Structure formats: C-alpha cells, structure tokens
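All chains are identified by letter, namely A, B, C and D, in their written order; residue positions are counted from 1 within each chain.
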Amino acid sequence: MTTNLTRPPGQRVPATAPALEVRGLVKHYPGVKALDGVDLVVRRNEVLGLAGENGAGKSTLLKALVGLVRPDAGEIWVRGEKVRLGSIADAADHGIGMVFQEQSLVPNLTAAENIVLGSEGPGVRHGIYRWNTMRRLAQEQLDKIGSHIDPLARTDSLSFADRQMVEIAKVLRIEERTSHPPVIILDEPTSVLESKEIETLFTQVRRLREFASVVFVSHRLDEVLDVCDRVAVLRGGRSVGEVPAADAAPAELHRMMIGSTGSDDHYHGAAAERPDEPRPRLVVRGLSGRTFRDVDLDVHAGEIVGIVGVHGSGREDVCRALFGAEPTTAGEVVLDGARLDLSGTRAACAAGIGYVPAERKTEGMVGPMSVADNMTLTKQGSRCTGPVVRPRKQAKLVDRWIERLSIRTPDRGTAIQRLSGGNQQKVVLARWLVAGDVRLLLLDHPTRGLDVGARSEVYRLLRELAGQGVAMVLLADSLEEAIGMSDRIVVMSDGRATTEVAAPADGKPTPLDLVKEMV
Amino acid sequence: MTSPADADLEVVHARRPRPRRGVSLRDAGPPVALVVVFGIFAALSPGFRTLSNVQNVLDAAAVLTVVTCGITFVLMMGSIDLSAPGIMGASAIAVALLVANNRNDNDYGLLGVVLAVLLGAGLGCLSGLALVTLKVPSFMTTLGISAVGLGVATLMFAGVQPNVSDRMLAGLAVERFLGLAHLTWIAFACVLVGWLVQRYSRLGRYAFAIGGAEEVLALSGVRVAPYKVAVFTMAGAFYGLAGVMVTSQLGAGLVQAGRGYDFSAIAAAVVGGTLLIGGRGGILHSAVGVLLVTVLTNGLVQVGVSPYWQGGVQGLIVVAAVAAAVIPQRRRNQVTK
Amino acid sequence: MKFTSRHTAAAIGVTLAAATLTGCTEEVGGGGPAAAAGACDPADITLVGQVRNESNPYEAAWLDGGDTFAEQVGLTQQRLTYDGDSTRQQEQISQLLAGDTECLVMNVLPNGDSDTPPIVEGAEEAGAYLVTQWNKPADLNVTDYDHWLSHITYDGVESGRQIGDALAEAIGGSGGVIALQGVLDTGAAKDRFAGFEESLAANPEVELLDDQTANFSRAEALEVTKTLLTKHGEDIEGIWAANDDMALGALEALEQAGRTDVAVVGIDAVPDALTAIEEGTMTATVSSDGPWQGGIGLAIGYCVATGELAVEDIADEDRAWFAEQFLIDQDNVADFVSPEITESDFACDNLFSRSQGAMS
Amino acid sequence: MSTPAVTEPAVAGPPVTGRAVAGRRLTSFMPVIALVVLLAALTVADPGFLTLNSLTAAARTSAPLVVLAAGATLVVLCGGIDLSIAALCSLATVFFALWLPDLGGLTTVAVVAATAAIGAAQGVAHVLLRIPSFIVTLGGLSIFSAIALVISDAGPIRVVDRDVTHWLTLYVGGVVPMAFVVALLVVVVVSLVLRSTPLESWIRATGYSESAARLAGAPVDVVKVAAFTVSGACAGLAAIMLVSRNFSGSPTMADNLLLPAVAAIVVGGTAITGGHGSLWRSLAGALVVTLLRVGLPIVGVPSAYEQILYGAIIVAAVALTLDRSKVQIIK
C-alpha cells in the first residue's frame, strides 16, 4: 500500500514534485514519542485525507507543517525544495496555511481585518489602516470561495458557518505570499458544523482543489472518504499506509487506524431492555424561552431521545433550559412526577439531572484542576461525610471510576487538561455517575472532537447507562450518530418540536428522511 | 442530498444575525445617562446651568480626559494601568524644571514640554517591558512603575518647589479660545488623536484585538509583545502630557500632581462602557465617561451636597451607571469577574 | 499543594505553642525604660527627624534645619517621611523604637492629633527622647511623661485671627470672603479656623460665603476655588486659606478666572508665598520657621540625652509652648525672604528663647 | 476561541517528569524564599536590623495587613477583586470608636459582624446585578469613606477605654505579638476550613472557569458572596488591630493599606486572574510588603530612593513568585 513514500531526491523532476513532502519526521515530548518517523506526500491539486486516532500524532504533524512545532529529526520538502519552518509566517511564505480546529478569529474585529490579519500588505501603510484597500483585499479572498459576507461586519455578528468561510478566506491569503499553489490544512473543520453547513464546506473544499492542495483532517471517516482523493493513515506516530478514497470503506480505514478489525459502530443492535413504566420519566409541556416555543417532550427511563435540527433550531437552548442554565418564559417540566425547578443549575443537579456541555474545554471541565476534583465537583456528597471532605473516600471513589471507564490518566491528581479529549469527556460523564443518583442525562454533542475509538467507548458507556434505566436526551454530532444512538428522534426547527420519528433498532430512518423533516 | 441542502441553506442564511458594522445600541447607555444627569442638575441648580459653569466643567475635565485617553487603550487590551500618579508626578516636576523656572536657568519652552512627555512615555514603556519580559501582571508592573515615578519626582523636587515662570506654559491654563482654556482644547485634540489611533492605526486595532483574542494574533503570525509595550508607552505619554497640564494649572511642579487620577480615570473609562475584560469600548466611550464623572463632581458642589457625601454619591452613581449598562445583557451562567 | 499542607503543619505548631504560652503572656515593649536624664556620649546619639514628605517645601526645609543642627554637634540626622499616611508613620516609629533606643532622639511631626498618643507612649516605653510639633490632643499633657520632652507649636488661633484681620483690612472692612480649611483632623486646622472666626466676629461687615476643605493641598485648593468662584462669582472679595500652599492654589485659580481684585491670605511663610507677597498678588501670611523647628526639636532632645539638661529642669511652661511668629505683609516681607539659622538658637541654655508662653 | 497551539499542553499529555514536580514545588516556596532574601538584604544594609525586637515589631506591624490580604485573597481566588477592604477597615475603626462606650466588650464582635454584613452586601450586588467586582468594590470604597467621614464628622475619635483592645497588645511568651498570632490564626482557620470542605474546589473552580463551575452545579453565587463576607469580616478585624495600636478611630486610618494589601496578595504568587493561589502565599506576601514599607526607611534609604526600590522590588518579587504554568495569558 505504501508505494511512493520515499524517493531519493535525485530521481525527482521538480516540475512534478509533490506540493508537500514529509520524510521521517520525528518529535519527542518528555515521556512520549509523538512522531516516530512520519512520511507523507501531498500531490498538487489533490485533497489528502489524514486519519488517525487521538494520540496518533495528527495534531503534532500538522503543527510541524505550519512551524508551530520544531521536529527533532526528519525533513519537510515543499515543491521539491527542502525547507525549515520556524514559525507560522515561515510556513505561510512557503504557501502552507492551516484552518485551526477551534476557530482562530478575533471576535471583535471586522471580517476584513481577520482575513488580512498579520499580513495586511498594502492594507496598512506606515502603521495606518486604509480601510478601502483592506476591504478590497478581503473581498478578493471572499470572492475566491464565492462567499457573500460583508467584509466590514464584526466577526462576532456572523454565523458560525460564515466565520468558517472567513477562516478559509484568511488562510487563502498565503497565496499572496507565494507564486505557487498553496497547501491548505483543514484540522477538524466539520467538528462543530451542522450537516448542511458541512455540505457547503465540502463544495468549498472541492473548489479549493482547483488551485490548491488540501490536507483534510476529520474524525468522521465517512466525510473523509466523501471529500478526499486519497487518505493517509497515522498510527502511533507512524504512517501506516494510504488508500485511494474511491475504493475504501470506513471499516477498512478504521482497521488501519486502530490496527485491528472493529467497526465505527453507530448502529447498535437490539435496544437495551428497559422496565416499561406507565408514565415517562421526563415530561416537558409547552416549554418556551428566547429561542424556542412551546416544546413538548417525553423521555422514558432507559430511553435515548435524540433531538436533531439545523443550526439555530434552538435545540441547544432547550437542552440548557432543562438544566436550568437558560431562562424559560413558560411551560412546565416534570421529572418522575415531581415538578422541576428551572431557576438554576443547582436544583437540576439535586433532582438527578446531568448535563454534558458541548464546549468541553470552557464549560465541561475546569482545566487546571485535578481529575479527582473535576469528577467530584458536583456530587460533593460522594466524597464528604457531612460538610467535611474525606480524601481517602474520594480517592477510592475516583479510582474506581477511572478504572470502570478505563480513563487513561497518570493518576487521579493529574490536571484534567493534560488528558486526551476522550478521557476528558469520560471524566465529565463520570461526574454525574459518581453519586449513582442520576436519572436524566442531557448530552450536548458528547462526542464532539473525539476520535473513533474514544467515540465508540462513549457510545458503549451511554448504552450501558441506558440499560441501567437512565433517561437521556442526545444532541448528536451527526445525523448518523443521532439515528444510531436514539430510540426516538425529535426534529426541531425554528424553535419548535415539529415531528417525532421512531428509531427502533430494527427500523432506523435514513438521514434523508430526517433532513426532509428538518427543512 | 443536495436539494434539501440548498433549501436548508436559505433557512440558515435567513436566520443569520444581521452583521453589525457601526455602534450598537448597547453603547447608547452612557450618553443617555450623561444627558439625564446634566438635566437633573440643571433643574436643581441655577448656578449649574450657566454658560460659565459649563465652561468650568469642560476645563475641569481636561486633565482627566487626557489621562483617560491613555488608560483606555490599556483597558481595551484587557490589562490595567495604575501608573498614572507616578508618571504624572515625574513629568510634572520635570517640565517645571525644564521650562523657565525659579530653580535653575533652563528655558527650553516647548522642547521642555516634549521632553517631559517623553519621560512619561519612557516610564510607560518600562511597565510594558516588565509585563512582556518578566510576565508580571500589568496590575503589579504599573503599580511598581507608579512608585518609581514618585521616587524620581521626589529626587528632582529636592526640597524646593519649582515654580514655572514660562509664559507659554502658564498661559495654557489661563488664556482662552472660544471661552475654553487652551488646556481644554489640548484635551479635545487628545481625544481626536486617540480616536484616530483607535480607528485607523494598526496599533489601535491590534490593542483592540489583543483584548478580543490575544492567542489568535499569535497564531496569525503577529508578534503581540511589541504592541503591548507600544500601548503602555503611548499611555505613559498621555500621562506625561497630563502631568504637564497640571503643572501649567498650578504654575508649579508638584510630586502629587497625579494623586488619585489612576482610579478616577479607570472609573471614568468603565462608566463610559470600556469594560475591564478588554476588547470593548473605546476613546469616545471614555470621553463620555469623563464628562459624566466631571458633571457629577461639579454638580454636587453646585447643589451644595456636603463635601463628605460627594465621594459616596459618585461611587453610588458609578455603580448604578454600570449596572444600568450591564443588566439588559444579563444572561444565566454569565461570567462576571 | 505541598506548600499548603507543610505550612498548615508549621502554623498549627506555632499556634499551639502560642496557646500554651498565653498562660504566661506579659507586656514587653522595645528596650526597658532608660534613665530620664540620660548620660549618653554625644557620639552614640541617634538623631531622627520625621515629617510627612520631602515633596513639601516647608517640611523639606524642616528636615534641612535638622541636618544643620546635626552638623553643629557632629552627627547626622536620619530623615524619615511617611507620605501623610498615619498608619505608615506608626509603623515606622514602632520599627524605629524596636531598634537601639538607648540614646535615640526623635523630632516628630505627627500626621494628626490622634497620631500623637501612640507615638508618645511608644517613646515612653522604649525610653527614647521625643519632641513633637504642631499636632497634639488638648487633653494629653506633656508633663505626665518624662521622655516626651516638649511639644512645640504656633498659636494657630492667633495666626488665624491675624491673617483674618489682615484680610478684612485688605478688602476695606466689608465684603464676602471664602475660607479654605486644612486637614480637618488636625489641631492646626481647627485652631486657625477658630482664630478666623474670632476675626470675623470682630469684623461684622465681612461675610463668610462658603468654607470648604482643601486638605492643605495646592491642587485641591485650585479645584475647590474654581468651583466656588463660579458659584459665588463677583461676591468673593477675599480668600482665607489655612496655609500658604492652599493660598497659592487659590491664586492660580484666580489668575485662570482672570480675577485680580481678590485678596488672599495664608499661613506658614513658604518661599513662594513670600515672593507672591513681594509681588503684591498675595496679601499676608504668618511666619512659621521650618528650619528652626527641624533643629530645635533635635536640640532639646540632644541636650537632655547628653545630660546637659535634665527633664526636671525644664519649666512646665516650656514642656508645651507656642513659638514666636510674625504677621508678614508687603512692608516687612523683605526681612523673612531668607530665614537663617543662628547656632545660638540651639544652645542648651537658650533653647526656649523663642517661646511665647505655654500652650493655653 | 482558545487554540491548542498556544494555550493547551500537548494533548496525549507528556507525563509529569520528576524535574517538573521539583520545579513546581520550588515555585510554591518562592514567596518564602523572596521573604528570606529580602530580610537578608535588609540585614546587610543595616546589621542592627536583624534583632529579635525589630522582628517582633515588624510582625506586630504586619498583623493588620496580613488579615486584610488574607480576606481579599478569597475574593481574588474566586476571580474577582476587592478594592473596598481598606475603606471598609477605616469605617470599622470609626464604628469601633463610636460604639465602644455603649457596647463595651461586645464592640469587637459587633464591628466584625457589621463589616461582614457590609461585605456580604457587596457580594450580593456583584452576583445579582452581575457588575464586575472591580466596579462594585470601587464604588464601595468611595461610599464607605463617605459614610466614615460623615459619622465621624471627618475627625478622629479617641478611644479612652483601652481594656477591650488591651489583649491585642500583649505578647505571647514575651516575644510573639498577640495581634500577629491572631492574624496567623485567621490564616490557619480559613485555610483549614477551605481544605477540609468542598469550599476549596468550589472556589478554585469558580476562579479558573466560572461557567464550567456553574454547569457542574457548584454554588458559584453563594461561594462568591461568602468570599466577600469573609473579606469584609477580615477588614473589621484588621480595624480592631489598628485601633488597639493607635488608641483612636479615624475615617482615613487604613485607606493607604489598599494597594499594599493587593500587592501582598500578588507578591505571594496568587494569580490575580483567580483559581491559583493560597492564603499562605498572601501571608508571606504581606510580610514582604511590610518589610519593604518599614524596613527600607529604617535601614536609612532616602525617601526618594525608597519609593523607587519599593516599586522595583515588588515587581521583581512577583516575577519570582508567579507560577506561570497555572496562568496562561498574562494581562
């Protein structure tokens, strides 16, 4: 499978030299070998997919390509010449640019400024802004990708999808720095996009291929195969091979990634057995708030109800409202027969409701604090006797859950921000389980930014909880995920729950069915 | 599945929040407050609504305005600056010693003023450097620089009050143009310059951006440190100028020239809507804030509020003003530091 | 958290120790009280002068006077300033008294009346020789202590009245005036204003339009005067200021308002004020001789410390006394422009020559 | 919009190496080291400085500052700041002087209770109105001074009956000033309470990431109000210490302690952005600042140079003590 990875430079004809070539790249961090001799070739005008589990070295490799990480060994060749990339600017000068996983735009500047940020060129003369030039430059970029954003709009007033367009336009600026076709790296561009926005993104990517090479990184193998020409797979800091996207199946890629057979299992078998109760565990009637109007919703014990909807359908806010984190104007919520107090998060926690926020880094966890503290932050009772904390009690509890969820961490005292995304998410989940009193879990994109392995572990965990009778509301990362995980799917649009689709194990709807309902 | 895709795109676009270009409505609070407060005092006290008193208010606002111009940029970056008292003291003494005075036979006139402002800029630059090189929070670096400035001032003071005999400098406070002291016009000029910097200079825009998302600038290949230092330097220059203005008002160089200006400037900026978290507000906001604060001080004396109470009433109104600005945008789970 | 846990342990230790020891708590000051009339070798005497700050001409001159005396006796004076911060003054004093107090002589300007008692008691406990000036609570008697040698001040009531009368005369016996008060928490400010009120009573035609405090500060005086000028306008014919700095601030305000017809009086005779009087922009001030004050305090302490003068021999009226002062106006200003110190002022047998009688 | 490149340690985290641990332990001891170094420097400048007496005096002097800083540290740990402590402390001295004649022995309790209540009020204003603590307490600062001026008629009030505060002037075992012991007790007790209850993790969570804390169901608002309450109570206690020292209450007595107190907190290495830090650090910081305030002039540094040194040293001290691994972006 690895055909043309390393050729002695002599034999290469510069004209056909690949746009970007990486040879034997090595990077050590204290304790771990992030890159262990990676080889990679990006041809001209192709979209190369880069797949690999978290920790496979993807992010390190990308950082090396844009000069944020200096490799310990190995070479980077751009269009047949060996280069040393010391900084983002260096990389840009060689025509390499990257769209970062978390969007890297300054919210309070105009789109135009963000696009030219750092390389204003004629936009700034002697430190003085020339807004018209600035606007013109930005417009040129936006035209390239056929976007109709007002260049002088404040970035934080744009929709998420538009912001991503701005981001791509920004990266395309590197064309101005080099005469050659640029190499654009997209790191997890879809992780926070709604399915429709993803479609537009893909059209952009295909458009980019006309005049640039693209490296496309995503955890969603189906996407990768959908948009890419070739897919290169990393494992344990090594390149383990590459396949043409045309004739590859997700399963095959997945096997290469984790090194063994196993499937990216969205679709579970028979729905978990659950004691059928007469009345649902959660009953929502006529719930209204800023972005949603009289939403009705029933969730039974042990049932997973997915809510799908396009960007702005208000489903996130419904989720937060149920947790008391978003004000409501009308409606009532009943949990196991008891009317729920929506005034604040405390009440919700006390009632046995758990919430896994979409923004893990800023809302889900307290980065600098230890795994143990993060896990016991909510259910203090689990580690205290009376008001007093019992370190030993806490230690035992935490260690049990670390083991039970097989959380990979040096020890319970490690700051959670040092763990990989999947393990962080497990800790956040464990937070609601330690007390064993959770009755309803609200999951807002619980698998966002997780790799295939971590994701299937989360799936397994959720399923297990459902089996134990925990009711769940799931805002899935993708339609497939929603369909696969849910027993029922509620479709929201314009802040209303429009329809409800049953999704039993033996009669799953297709994505298309849902999309029809969503618009 | 392209047909539904396109269909859905319309939906998304239709729902996209309208891009904001100019000033948003939430910035309207302070000016309204200013008008209201002014109206109240005008109604209460005949002495307040006289033209001469309006001039008096504007003149009284001059120095604070200049200080606030400087501090605004620092606040926009999300940093904080307490160095005004020290820097103003230093430049006040310096200018008094450089122009014609009773202590030595210097007579550099305008050059002296420039030098004093440069001294201020230098001290400001120091706190900026300490921030970026030692990685010490601006709160402390500026606090330290303030002490240093006072020390330098005391050194130059050397026990004998330097009195300004320089016509030009003394004239700034006395001579009037269109009914306003020259100092007041200088203050106006500073606001204008500040606004231009904020709107049209890379420095100003980057200061704004640093407050918005510092790490992003780094990712875009922008070296942030120099701009931070530059902003603190510019702020220092403004304080230096303010020190000169105080000297011209008092006709003598005082070490205490800047006492209390640090917090009142911050208060003014914040009342105007330049929040401490950075990335919001601007020179014009701050200017409004300064007027609001000055009108209060003046009005309270005019309506005869006991001097003891004046501070308290001001504090109350500052809090109220901010509350009025904040409450409409209150959200659950909102972070307030 | 290692840091925390270890220190928790440490501190618990300390506190336990404390708890056990509280049984035998006792009072301990600095060194034990020394003899009232010292027999110190002049060489081991430490001279300390403490004022608010050196950035005030009058107080800087005060410290210089102290240096002059120190040179006379071949010593050096330790110059302390507390930046008008009562807390800081106390902290410095107690730190000072914690050192070697055997032959310590302090000439202190307390920040306010209320700051004098702790200083006095500290000195008394530590056995250091103390002379205070200006501020002292009326009910605190120097004679009750034997290390608090003397308290020197000027008759604030007197000076307040003198300049009040001068002001009244300057505006032709009738008209509206405003008053700028000093730091309200000081005897000086209170007395001077009391004196002014006496003078007002004596000149019924003079009307006090407004009185505000400007805390002895030139800058504050400028702002306050500005506002009062717009408030009362032409009615103001004279400005009474509790010290020269404020008077000078007022002068600036007048100049900026383009008013030349207003008479201004102050107290302290700082150089700027004297020039102002020479130029005729200011009407009158009252002399208070900073350099002399800086020297005399140390001199008294020095004489006692060396034993040349025993505390018992200091007459009671010399334990708390008014120093002589003169009203300075355009006629006699020339004589005061450069106050010179004569060694004889500080001779141990001539210490109280400038006394104008005991404090009433 | 944070980006892995700058802020976040490499994912799939490099396990903590021994050196790193040692390093972190060192930084956590930095405040103490800074203290020792400074003491040594002062001793070099004036050998007479390092005597039991002067150390005792320094300890006694530092007591009010320690208490003030300790209280405010809690607020800073929550990510806020309390600028009102000094003014509140001054107000409390006035309260004490005014109430003493009527309340006698109870005055101490009454004053602390009153200041605690006032602190709580600020906290409530902060969390309910969602006004930045900087502003709330800045307003509080001026309001409290105004009240103090009015009720004291702008003058100091002599405290004649000294029996109530006498105990604070005693010396434990003849050496350790009682005031300092009390200050130490405050630090110990508060720290212990924090460590042995969920409070500590709640406070840190609030300081590091308020929204995460809230979504984890931590009682963020309650914690904040509590912090302000303690801060207020500490101001009251500090006031009593000042009164016991000056035999009077005055509306401006403690005003100049604000910046030293904040300096003490930061010099101790507590992150002004919240989350990271401890009362111990503030204790060390307060001692450093006290030594600077009283030490420099006593060893004979001229006042001008004293200020310059003070400025330079506090900046240097913070540079030493700040644990940058905990604070990502320095504003």
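The criterion applied here is as follows: a contact is a pair of C-beta atoms (placed from the backbone, for glycine too) under 8 Å apart; a residue touches a chain by one contact, two chains touch by 3 or more.
No experiment lies behind these values; they were computed from the predicted model shown.
Enquirer: More contacting C-beta pairs: B-D or A-D?
Expert: Pair with the higher count of C-beta contacts: B-D.
Enquirer: Nearest whole angstrom, what separates the Cα centre of chain A from the Cα centre of chain D?
Expert: 43
Enquirer: So how far apart, in whole Å, are chain B and chain D when each is placed at the average of its C-alpha atoms?
Expert: A distance of 28 Å separates the two centres.
Enquirer: How many angstrom between the C-alpha centroids of chain C and chain A?
Expert: 71
Enquirer: Could you give the separation in Å between the centres of chain B and chain C, each centre being the mean of its C-alpha atoms?
Expert: 36
Enquirer: Residues of chain B that touch two or more other chains: which are they?
Expert: Residues 154, 213, 215-216, 219, 333 of chain B touch two or more partner chains.
Enquirer: For chain D, give me the residues that contact two or more of the other chains.
Expert: Answer for chain D, listing residues that touch two or more other chains: 1-3, 5, 154, 195, 211, 214-215, 303-304.
Enquirer: Going through chain A residue by residue, note those that touch at least 2 other chains and give them in order.
Expert: Within chain A, residues 100, 104-105, 107, 325, 345 contact more than one other chain.
Enquirer: If we use the touch criterion from the header, which chain pairs count as touching?
Expert: Result of the pairwise touch check is A-B, A-D, B-C, B-D, C-D.
Enquirer: Over in the complex, which chain D residues touch chain A? Could you list them?
Expert: So the residues of chain D in touch with chain A come to 1-5, 8-17, 195-198, 201-202, 204-205, 208-209, 211-219, 275-276, 326.
Enquirer: Provide the residue numbers of chain A that touch chain B in the complex, in ascending order.
Expert: Contact set of chain A toward chain B: 87-89, 92, 100, 104-110, 113, 117-120, 124, 127-129, 131, 149-150, 152-154, 157-159, 161-162, 170, 194, 196-197, 199-200, 310-312, 320, 324-327, 344-345, 493, 511-512, 515-516, 518-519.
Enquirer: Residue numbers of chain D touching chain C in their complex, please.
Expert: Answer in residue numbers: 25, 28-29, 48-49, 51, 53-54, 56-58, 60-61, 64, 154-158, 169-176, 178, 181, 184-185, 187-188, 191-192, 195, 242, 245-248, 250, 252-254, 256-257, 278, 280-281, 290, 293-295, 297-298, 300, 302-304.
Enquirer: Spell out the part of chain C that touches chain B in their complex, as residue ranges.
Expert: 53-55, 57, 60-61, 63-64, 212-213, 217-219, 222-223, 226-228, 230-231, 248-249, 252, 255-256, 258, 270-272, 275
Enquirer: Mind pulling up the chain B residues that touch chain C in the complex?
Expert: 47, 50, 52-53, 56, 59-60, 102, 153-154, 157-161, 163, 173-174, 181, 246, 249-252, 254-257, 259, 298, 301-302, 307
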